[in-house]
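This is the structure, below, for whatever I ask next.
Here the chain labels run A, B, C and D in written order, and each chain numbers its own residues starting at 1.
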Amino acid sequence: MAEVRLAANQYGKAENRVVRVTRDTDRHEVADLNVTSQLRGDFEAAHTDGDNSHVVATDTQKNTIFAFAKDGISSPESFLMRLADHFTSEFDWVSGGRWVADQYGWTRINDHDHAFYRGSPEVRTAVLVRDAGTDTMLSGFYGLTVMKTTQSGFVGFPRDRYTTLQETEDRILATDISTKWRYNITDLDFNKVYESVKQVIMTSFSEGYSKALQQDLYKMAAAVIDAHAEIDEIRFSCPNKHHFLSDLSFCGLDNPGEVFYAADRPYGLIEATIQRKGSATADQAWVGVAGFC
Amino acid sequence: MAEVRLAANQYGKAENRVVRVTRDTDRHEVADLNVTSQLRGDFEAAHTDGDNSHVVATDTQKNTIFAFAKDGISSPESFLMRLADHFTSEFDWVSGGRWVADQYGWTRINDHDHAFYRGSPEVRTAVLVRDAGTDTMLSGFYGLTVMKTTQSGFVGFPRDRYTTLQETEDRILATDISTKWRYNITDLDFNKVYESVKQVIMTSFSEGYSKALQQDLYKMAAAVIDAHAEIDEIRFSCPNKHHFLSDLSFCGLDNPGEVFYAADRPYGLIEATIQRKGSATADQAWVGVAGFC
Amino acid sequence: MAEVRLAANQYGKAENRVVRVTRDTDRHEVADLNVTSQLRGDFEAAHTDGDNSHVVATDTQKNTIFAFAKDGISSPESFLMRLADHFTSEFDWVSGGRWVADQYGWTRINDHDHAFYRGSPEVRTAVLVRDAGTDTMLSGFYGLTVMKTTQSGFVGFPRDRYTTLQETEDRILATDISTKWRYNITDLDFNKVYESVKQVIMTSFSEGYSKALQQDLYKMAAAVIDAHAEIDEIRFSCPNKHHFLSDLSFCGLDNPGEVFYAADRPYGLIEATIQRKGSATADQAWVGVAGFC
Amino acid sequence: MAEVRLAANQYGKAENRVVRVTRDTDRHEVADLNVTSQLRGDFEAAHTDGDNSHVVATDTQKNTIFAFAKDGISSPESFLMRLADHFTSEFDWVSGGRWVADQYGWTRINDHDHAFYRGSPEVRTAVLVRDAGTDTMLSGFYGLTVMKTTQSGFVGFPRDRYTTLQETEDRILATDISTKWRYNITDLDFNKVYESVKQVIMTSFSEGYSKALQQDLYKMAAAVIDAHAEIDEIRFSCPNKHHFLSDLSFCGLDNPGEVFYAADRPYGLIEATIQRKGSATADQAWVGVAGFC
């Protein structure tokens, strides 16, 4: 057999769907999360010999998540920190891990006490990576589809023999915003920061003229970092969801920016990381995070 | 070869994604639809001999959809009626068809003139079936997830040797509402009716004590038919999205309706049709409609 | 309240994922099914009053499925018949129902005794509808993607002011075959029939020149009905998965049927029912079956 | 505004669905790929000022992919290398990028010359990352679902107050294999290596007794690195797809490993990197690759 070595690895229980109802009064509250727990540490023997004496069962990780939910879930971020602290203190050989919580938002029906509909378009997400003694806490969201019906163009790009795209100074700009940001402290009201960042991003997207989706990402990022001293870095992964102007000349119709064909594939894919000047970089911490952001 | 005959058939272009921007003023409006057109009529020769002289190309149906969008889309229902009238009058051998339009809802970002986010949790849908000289117009929606955290129980069901379920008088009730209703007239403000029916359904769901999801469907249906004389029938197809109370006794914790595991599969599936007494039935019209409703 | 009446309804447990391993010898066999059970009958009181005395719990239906699996699953069709017989005989008020089983195919890895990979491209499906004293047994499959790279054209179609499509005598024809057929008897080796029908369909698809997808459906249907006296009817719902010839003239390249762009949406959607001449029709039995076929 | 800096970024056109038919003889060949191209380099001005003079349009990247397909696609890996060489040599400011190609496998129907079905269960994938003057070429696949119906157990794991899982020496082990491996040279017959690695993985999975899924991953990895001197590293991300033994005692039935409930969520998630001893590490190269592997 070849001489091999075990490098980066992690394991656990993924997508534990936990719903926590707070019913201390007649006006119930709901926390609805999808929680993943994966441990890192000394798991060499399980890989090389099938020796499970260090393998905290994924079923045990699941049980822990549901048991901890009993104490309440004030924010996905704080819930992940509690899980990380528990596993790394309870088991000597667990030095870190990766914990993820997606949260789905519920809205009261007619301000009802205990009836809700799932009304949030975006899924809020939090990721905590603990590795080599360092915590990286990320918050973010995905699934927020936005569109500007004007004030967007694309001109001045280089042309070669494979270039057929025409310049335009008025197009639809549409994307699904997927973003994560990194904190430099964790003693925070995460729910309040989340709502603020989301508002800053949406407001920034809606304002001004867009010369390129890249410019929008940078502008949104700068606005977030400007407004939030506790955030050192933010990443975006955003498709350019093409809306092609329908050519109706075949039946004698003009189409001044009114009828569009919304295409599925291919799509532009614009991804960028923007950091606070002077802040420490932490590229390594993102390894193992799903996708670019 | 066996002696065979062609029975029910339809063909066309599915899922034409058309976005119509109304920009007569600076305050833009957006209609975002996914339109399917399928024709019925005399298409025997195409099947038996590959004779396409009657086959209005699916590409032509697509072009027609985009060209008609130029004149504006006031409601999905009226758009489908225009398509049906066009195809059945333009081509002698086209006697009917099935047209479907799903509509996605957009909400203004901070009341902005031309920046939006896709904020509607549900997808609005309309189906027009024209067959044998009869029109059946259906409106509805799908993808509206609702939940009651109390005021729901399930008791009194029969028990046999395969029954292990315990009775409960307090459980979470959650479902994705998928519904379609049938009109007895079509000279309507479809947008206004749609908003009203959706509100009636959500309000009805939230109120009272639920003894069974069947009872909720019936109650919601009755409320809709009661409030809308123009509706003769409504159908629901609703999963019972089980939320199982987490058994935390393994670690000594009580769990009085607080921590739940949200399961994916299997799920209950409750489907019902409710009609106005004395109205004509129209079961046949639903044939070829996707799913139960 | 409006005067309303309960019309067609059914309820049960959907998507019970049951895996049955036969291990009487070292050479294991696997049956992997997704089973849905829905009952029809007298369930009026549950809807109108929340009286569950007739409501065989969906949990009980689930338990029954898993318990019956203990006796082996020789075919999805026979398994559904056993479920139907049980529920309609065990409970007076259950007069019928709709039962569906999807089956996933597993292939041995290197002819291994107990190691498998999921190798079947298509999902086999069976539907049994028992209503008003009549059984309708359907078998079929979905998810089989097929393609012909030549011997397909589309010419001779009518042209109007919305027609821009050019005629072609050589194009790619690709579709996902989704089909269901109806038996006139049920005392059959369903597994043997299934394999034969699938082969007849694939062979028929591959042979000859296609003038329209409609012609392919009819030809495949006729071949099935010709080869199987026990089948009276077959339905197809098949997308025309467009492969557009890439126009490479922008960079001076010719493209004689070599480079294609495979589009997602919109797509053609061709649906047809073909019946044995002289056989009884059974359109009503398809009501409540998901989709056209 | 905050002082910010642009860090890692990439952009391009994702999911270009290209089908290349080779029809030099009557026996056609098909290459069916989903290609993504993203460029890295000096794109600062586009982000900060909306200056697109460096922004090779994503539409141009798409055109290039289709134009290059005209020359044939011998393997996804070689196609990606050609794209990378083109973009980095054609444009001074493009220093690297990330290119991905998924390939879908087609099988001849009855050994037909031009009729095929999509018969490969797995999707083959290739990723080329060019950054800071270094190429990282990865090959792999995803979507291969495998199962062992015996010769798998899980014992000897630690127990705490949250542990309820029972030990078992006979269970079903099922997973979806998702893997990528890294080459130390690129002058290879990539198609031949691919087929071999896939076979080594499947054979390794099927053989012997599994004490933990971790052990399987390690064993499969060692077998691959042992058999292929050109591979220095391999990663796996594999769900433990739980098959829970159905408890049928409620109706008096024994269940010795015969009837299982196949669960969806939560699932175990086991991820590991295994490297050739003495080889250079290249963790950084994986940044920006979707997911763990």
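Here, a residue touches a chain if its C-beta (ideal position, glycine included) is under 8 Å from a C-beta of that chain, and two chains touch if they have at least 3 such contacts.
Computed from a predicted structure; not experimentally measured.
Ranked by separation of Cα centres from chain C, the top chain is A. The greater number of contacting C-beta pairs, out of the two interfaces A-B and B-D, is seen for A-B. Averaged C-alpha coordinates give centres for chain A and chain D that are 22 Å from one another. We define each chain's centre as the mean of its Cα atoms; on that basis chain A and chain B are separated by 31 Å.
Chain centres here are Cα means. That of chain B falls 38 Å from that of chain D.
The residues of chain A that reach two or more other chains are 16-17, 63, 67, 162, 164, 250-251, 264-265, listed in rising order.
Within the complex formed with chain A, the residues of chain C that make contact are 161-162, 164, 250-252, 264-265. Contact residues on chain A toward chain D in their complex (touch as defined above): 1-17, 36, 38, 43, 46-60, 62-64, 67, 90-91, 154-160, 162-165, 210-212, 214-215, 217-218, 221-223, 225-226, 233, 239-240, 265-278, 281, 283-284, 286-288, 290-292.
On chain B, the positions that touch chain A within their shared complex are 16-23, 28, 30, 32, 63, 66-67, 69-70, 106, 109-110, 112, 114-119, 121, 144-151, 172, 202-203, 205-207, 243, 246, 248, 250-251, 253, 255, 257-264.
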